[in-house]
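Here the structure comes first, spelled out in structure tokens, and everything after it is commentary.
The first chain written gets the first letter, and so on, giving A, B, C, D and E; residue counts start at 1 in each chain.
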Amino acid sequence: MADAILSLQALNAHYGDFQALYGVNLTVNPGEVVAVIGANGAGKTTMLRSIAGLLRNAPEAIRWKGHLIGALRADQVAALGIALVPEGRLLFPSLSVEENLVIGGQLGRKGPWSLQRVYDLFPILKERRLQQSTSLSGGQQQMVAIGRALMANPDLVLMDEISLGLAPVIIRQIYEALPGIVGEGLTAVIVEQDIAKALSVSQRVYCLQEGRVSLEGQSQTVPRDDITRAYFGV
Amino acid sequence: MDWLNAILQGTLLGGLYALFAAGLSLIFGVMRLVNIAHGDLIVLSAYIALSFGVSLGLNPLVALLLVVPTMALIGYALQRLILNRTMGEDLLPPLLVTFGLSVILQNVLLMGYSADPQNLQAGAIETASVTLGPLAVGVMPVMVFVTAVVVIAALQWMFYRTALGRAFRATSDRQDVAQLMGLNRAHIFGLAMALSLAVTALAGVFLGIRTAFDPAAGGARLIFGFEAVIIGGLGNLWGTLAGGVILGVAQTIGAKIDPGYQILAGHIVFLIILALRPRGLFPRIDG
Amino acid sequence: MSLSVTRRTRLSTAWLIVLVPIVLLLIAAPWWAGRADLRLMGEIALYMSLAVLWNLLAGYAGLVSVGQQAYVGFGGYLFFALTMLAGLHPYAALPLVVLAGFVISAPVAVLIFRLRGAYFAIGTWVVAEVFRLSFAQMASLGGGSGTSLSPDIVRSLAEGRDAREAVAWWLALGAGMLVIGTVVWLLRSRQGVALTAIRDNELAARSLGIDIWRTKFTVYVVVSGLTALIGALIFLQKLRISPDAAFSANDWTAFVIFIVVIGGIGTLEGPILGTLVFFALRETLADLGTLYLIALGVVAIVIMLFAPRGLWGFLRDRWGLELFPLSRRVSGLAKKEA
Amino acid sequence: QTPTIKVGHVSPRTGPLAGFAEADDYILQAITERFGAGIDNNGRSWQIEILSKDSQSNPNRAAEVASELILSDEVDIIVAASTPDTVNPVSDQAEINEVPCITTDCPWQPYFFGRGGNPAQGFASTYHFFWGLEDVIGAFLAMWDGSGVAKAVGGLFPNDADGNAWGDPQRGLPTPLAAAGYDLVDPGRYQPMTDDFSNYINAFKEAGCEIVTGNMIPPDFGTFWSQAAQQGFNPKIVTIGKALLFPSVIQGLGERGIGLSSEVWWSPSHPFSSSLTGASAGDLAGGYMQATGRPWTQPIGFKHALFEVVADVVARAEDLDDPEAIIAAIAATDMNTIVGPVNWAAGPVPNVTKTPLVAGQWQREGDGIDLKIIANATAPNIPTTGELMLLA
Amino acid sequence: MSAILELQGVKKAFGAVVVADDQSWSLAPGEALGVIGPNGAGKTSMFNLVTGTLRADAGQIRLGGQDITGWSAAKRCRAGIARSFQVPQPFAHMTVFENAYVAATQGAGLSGRAAEALCLDVLDRTGLIAKANGQAGGLTLLERKRLELSRALCARPRVILLDEIAGGLTEHECQSLIQTIRDVHATGVSIVWIEHVVHALLAVVGRLMVIDFGRKIAEGEPQAIMQSREVREIYLGIEADG
């Protein structure tokens, strides 16, 4: 575990008086895909937002390549090579499709991803590159959100329910591409409701329940029954 | 002939309005921040130039070298210390904060300089004149117009062709997501406001040379600025220049009909344009 | 199922009970308050009305107007014109001012409702400027320098200076109660929730059956007519009108916005509380002159930065206080959970 | 214990008309000293307390401070000076609240008609002394007539109380100018503090105007004058009311200030002296220049005269606790002041009395500038001190 | 029996992008119709055209036999068409209850107790009742989707248009959603449902329509449609022979 690229130790998170995460522990090793599953409201999004620096209330709890990053601003976290595909896409409305992608890579980190490669992955985006991003269909917007995160050439990409709103054919295509992408040195944490899909692409899996880690295991070996229990409590 | 003169003078006046509006356009048209204090900031820069002029004996045009960076600094500080906390979806918080700022500025200036009208004296260039065929035009107004065109060209290029411009737009769209792209929103907004007030410094000094100003003179200039931005269309700086010129020409032509209609004519043309094209003449961004 | 929806709270009932003696006491003010106090109270009542009206526009309907001075000035000028030029008695002129406010604001609404958000705000301001410049062209009302209400008209209000001042106060108080009553009635009606819905999300509001244009139009016209009435009363108190004073963005809009913001936008109690705070500040700090205005600006900024929902919003967020029974709460939830 | 009478004073200390109140401090201080000895009324000595407020050159502010003086400070007499923008609102408040009021330094037509005065009826408690538009027209014509320039005159009148009165077709400049054979080019009323005069300039050029006249506030004249130069308009005579009264304004215009002309209501060479101190006009101006190191200005005399009248009224009133009695004393005034005779029995309309007026031009004098009296046909007892020079 | 909702030759394009290409289809009273199609096919746009959020370039839309093509969105809602938005559009500063109340008073035209009772009932059925007094702006994405559904139901529609409300649900949640929609259907409301979570769709609808490039490319019995070669290729991404 010493070589974990990312580790959470007793991560708590609050929205006002409401506590959304209770002492979450989680590690991510370089080059692996970690799946996070859990019922609605379990705190998955909250966890990813904490890592990305959008909540900034856990100075001691988040460690990236050995350094504490919990107190950093989101832009500082991004500069360290962590990218988030946010829940709900959140594109920049006044930027065109292409500008949305370009701005994803504006930190100028070196890596395999370029505009061209994103267009290869989602050809429709190239067709629409000058269109205003919010006039895209829901699924097309999701593609831009994914492409935008990849453009950063991050070391770690956090993907929050990326298959939401995508047609099955696209989902299939993305998950087929994922191993290849990870193979190039990327590490990924994915939040996914489709448990079968989540288990099939990940090496390890965590299950959150009401803000706590209720299960942790190897994706290939963890028993289905345990997962059901972890989801809904005993 | 005299119509031609009215149009020419109006166009030149429009250059000054476009300068008022350019800084506003940046902030209002692109970041959706309604800066009610913009007019007062214009007046503030005129007073700063006045003070430099008095204390260092500088011609106001030379004083620009000091006023522009001073205003830019003020803008950066203002944004980072105060305005950044109000940026968001809601129109009202920044509007109200700048309302407060406007009242403060006016009264601080009133305390510092009294209500007496002041004037920036630029020397012979103030009354210098060139003849264009049958028409005589002032060197200053032409200089103002050219400055406006240059400033607007530069801003437009910066906004739509450079990474900084993209960063401005992205950050004003969604601040937290922009942070995820590695943009420090506080700094980005600070830069935008610094830029806006740098332009404001030019507008203020030219205003002070053209006419007298007092601490309350900002309001009337502010409304012309907003009108120019809106006539031009959101997010289009060339539109803002066109808006300024339309406004200036409407005023001089209105004044030709009856001087009482000078300002009224500008406002009415503005309302007519909006009635026909609620998003302005050349909108670039969806309002 | 024991769920039910209520609007009344214990606090709101208590408030309605204390409200009655307060109003009676206010009506009796000419017998217990001094001349200067009465004048001040009249001013408070009128500012409170402006604040409540502006809050209905901006806080509930999302129509952020920075041009309500158009109707304040219009009301004032029309009142002067009706009494001085048309020779009407002041009491006859007041209802006509309200009607004229409705009539003039309708076409304005048609025009400016084409605009959204910040554009709308600027549009209202330009309209107010057009009003100002147009009235500045009217030579019969003093043109750019304005005119005073002729002493004969003032004397026709009531016999003697004391009676006149009492009448001026009752008019202001009456207008204040009319305004608050109208706003409460409107907010409790079906239009009330529709308004807030439109402010929050027009797309959704439209898709849920709200006729956005008509709803906004109604509110705008009602608010403008009442604002004109308040304007008439303001200048009846001031006895003098000029374009700059009548259409002053600072006096009739900026201060009003400050009041609403300090008190808490989007609540009915906010503007009322805000007016009291504003006048308390003014009465204690006004001797500072320019410094007072600077202090006011600072207060506004500080409130906006640290309590953006204003004083009442702060209290409401903390303790869920609500004096006027306006919002609907589902009660009995806790039981169901358990 | 000596009784006190409170006098409220309103003037534009700041704002575009601040020049008018430049000498207020000096005059008020001297007057306060003089009043310190008390004024005798019916055998008792009265103290006079003066409360002075700033109208900020804004009519609304003027009304506001006047009502404060009347309602909160409960002054017994209110006085005001300098242009209709201050004088009229203060008088209106006094009239409605039935407080005695004396004003000056505003031509009587904008004062009287601007307040809706009716010559058959007059006002109840407000009185005014100054000259009228007929005097200014006479003085201007006297100056222009001998100049030999073309009789085409450009008129610049703003949409304010003065501008509307000066430009009024009946009571203002147009009719008498036409009668005297001048063509007045009057494009209309502009909004004060405007950015652009090019349409005026163009109209004047087209009509071949060699004379420009009107009534402006100083900042507007500055804007007009530099645009005129930019657009190649060079009139031979520029005679503007109100804007060109003050040396500070002329100095601000530099070389282009020399040769501008204006009305002269008072100067150190006026042959009058103070009823209060006995000082001559020359003494008063000299004392001011010595005390402040600044050049004399015209309102000095009138501001002094205002308090001369107050002192005279206080001395004569039958009962200083009764406003009616004070008003009666004002109406009965008949005295000579440092600006000439003041006698409300002799006015053109009720409540108004007139003082003499001549015309003058700013000329170079040694290192500085001086306002020379160059036409005195309207008041031959005031000596001329120079001759008209045409603008280059 | 005549159709409750009928589109005839409806066309709409944004420049070169055609989002509705001569679309004609109809919905029988009480029917549940499913809609699938690739991303950007024009499904949401079709809803926008039906509800009046978008204006058709050509064609006719009828509700209960009445031509509503020129009607405003508000009028269509009051006439009985309610929808949920793919990207939720809550009234963020109002409570969940008030969100529903807007629909009940404006869309359904109810008032007083009747409106309140309807809202309470619907919120209870959609599982949002516990949050009734909470601000809608504080809801999670999925709660927002439920709010969309609740509001649409509170408008007491004759036809309800649902746009991707099952995405991101866990299996268990999905089952309860299916049950809710079945209940709604059982009360006689006609349903058109766009969904990428096909198995949820199939559990409810009696007919399936496939859209691509703004065109209806297939329509019929759900199982048969899902087995069709076209759908497997362009939508599911499974080789037809695979």
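Operating definition for what follows: a contact is a pair of C-beta atoms (placed from the backbone, for glycine too) under 8 Å apart; a residue touches a chain by one contact, two chains touch by 3 or more.
Labels paired with UniProt names: A, E = ABC transporter ATP-binding protein; B, C = Branched-chain amino acid ABC transporter permease.
Quick caveat: nothing in here was measured; it's all calculated off a predicted structure.
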TODO: Chains touching chain B and chain D alike, please list them.
DONE: C
Task: Selected pair, greater C-beta contact count between B-C and A-B - done: B-C
Open item on the list: Going by average Cα coordinates, which chain is farthest removed from chain A?
Closed with: D
TODO: Compute the distance, rounded to whole Å, between the mean C-alpha positions of chain A and chain D.
DONE: 78
Open item on the list: Taking the mean of the C-alpha atoms as each chain's centre, how many Å separate chain C from chain E?
Closed with: 42
- [ ] Please work out the Cα centroid separation of chain A and chain C, and write it as a whole number of Å.
- [x] 50
Open item on the list: Could you work out how far the Cα centre of chain A sits from that of chain E, in whole Å?
Closed with: 29
Open item on the list: Two-or-more-chain contact residues of chain D, please, as numbers and ranges.
Closed with: 159, 189, 191
- [ ] By the touch definition up top, name every chain pair that qualifies.
- [x] A-B, A-E, B-C, B-D, C-D, C-E
TODO: Flag every residue of chain C that touches chain D in the complex, lowest number first.
DONE: 35-36, 39, 133, 136-137, 139, 142-151, 154, 238-240, 242, 244-245, 248
Task: Complex contact set, residues of chain B against chain D - done: 2, 5-6, 9, 13, 16, 110, 114-117, 119, 121, 126-129, 131, 136-141, 210-212, 214, 217, 220, 251-252, 255-256, 258-260, 262-263
Open item on the list: Under the definition above, what is the set of chain E residues touching chain A in their complex?
Closed with: 14, 36-45, 86-87, 138, 140-143, 164, 167-173, 196, 198, 234-237
Open item on the list: Using the touch definition from the top, list the residues of chain D that touch chain C in their complex.
Closed with: 58-60, 63, 71-72, 84-85, 88-89, 92-93, 95-96, 114-116, 124, 158-161, 163-164, 189, 191-192
Open item on the list: List the residues on chain C that touch chain B in their complex, please.
Closed with: 58, 64, 66, 111, 114-119, 121-123, 125-127, 129-130, 133-134, 136-137, 249-250, 254, 257-258, 261, 265, 290-291, 293-294, 296-301, 304-305, 308
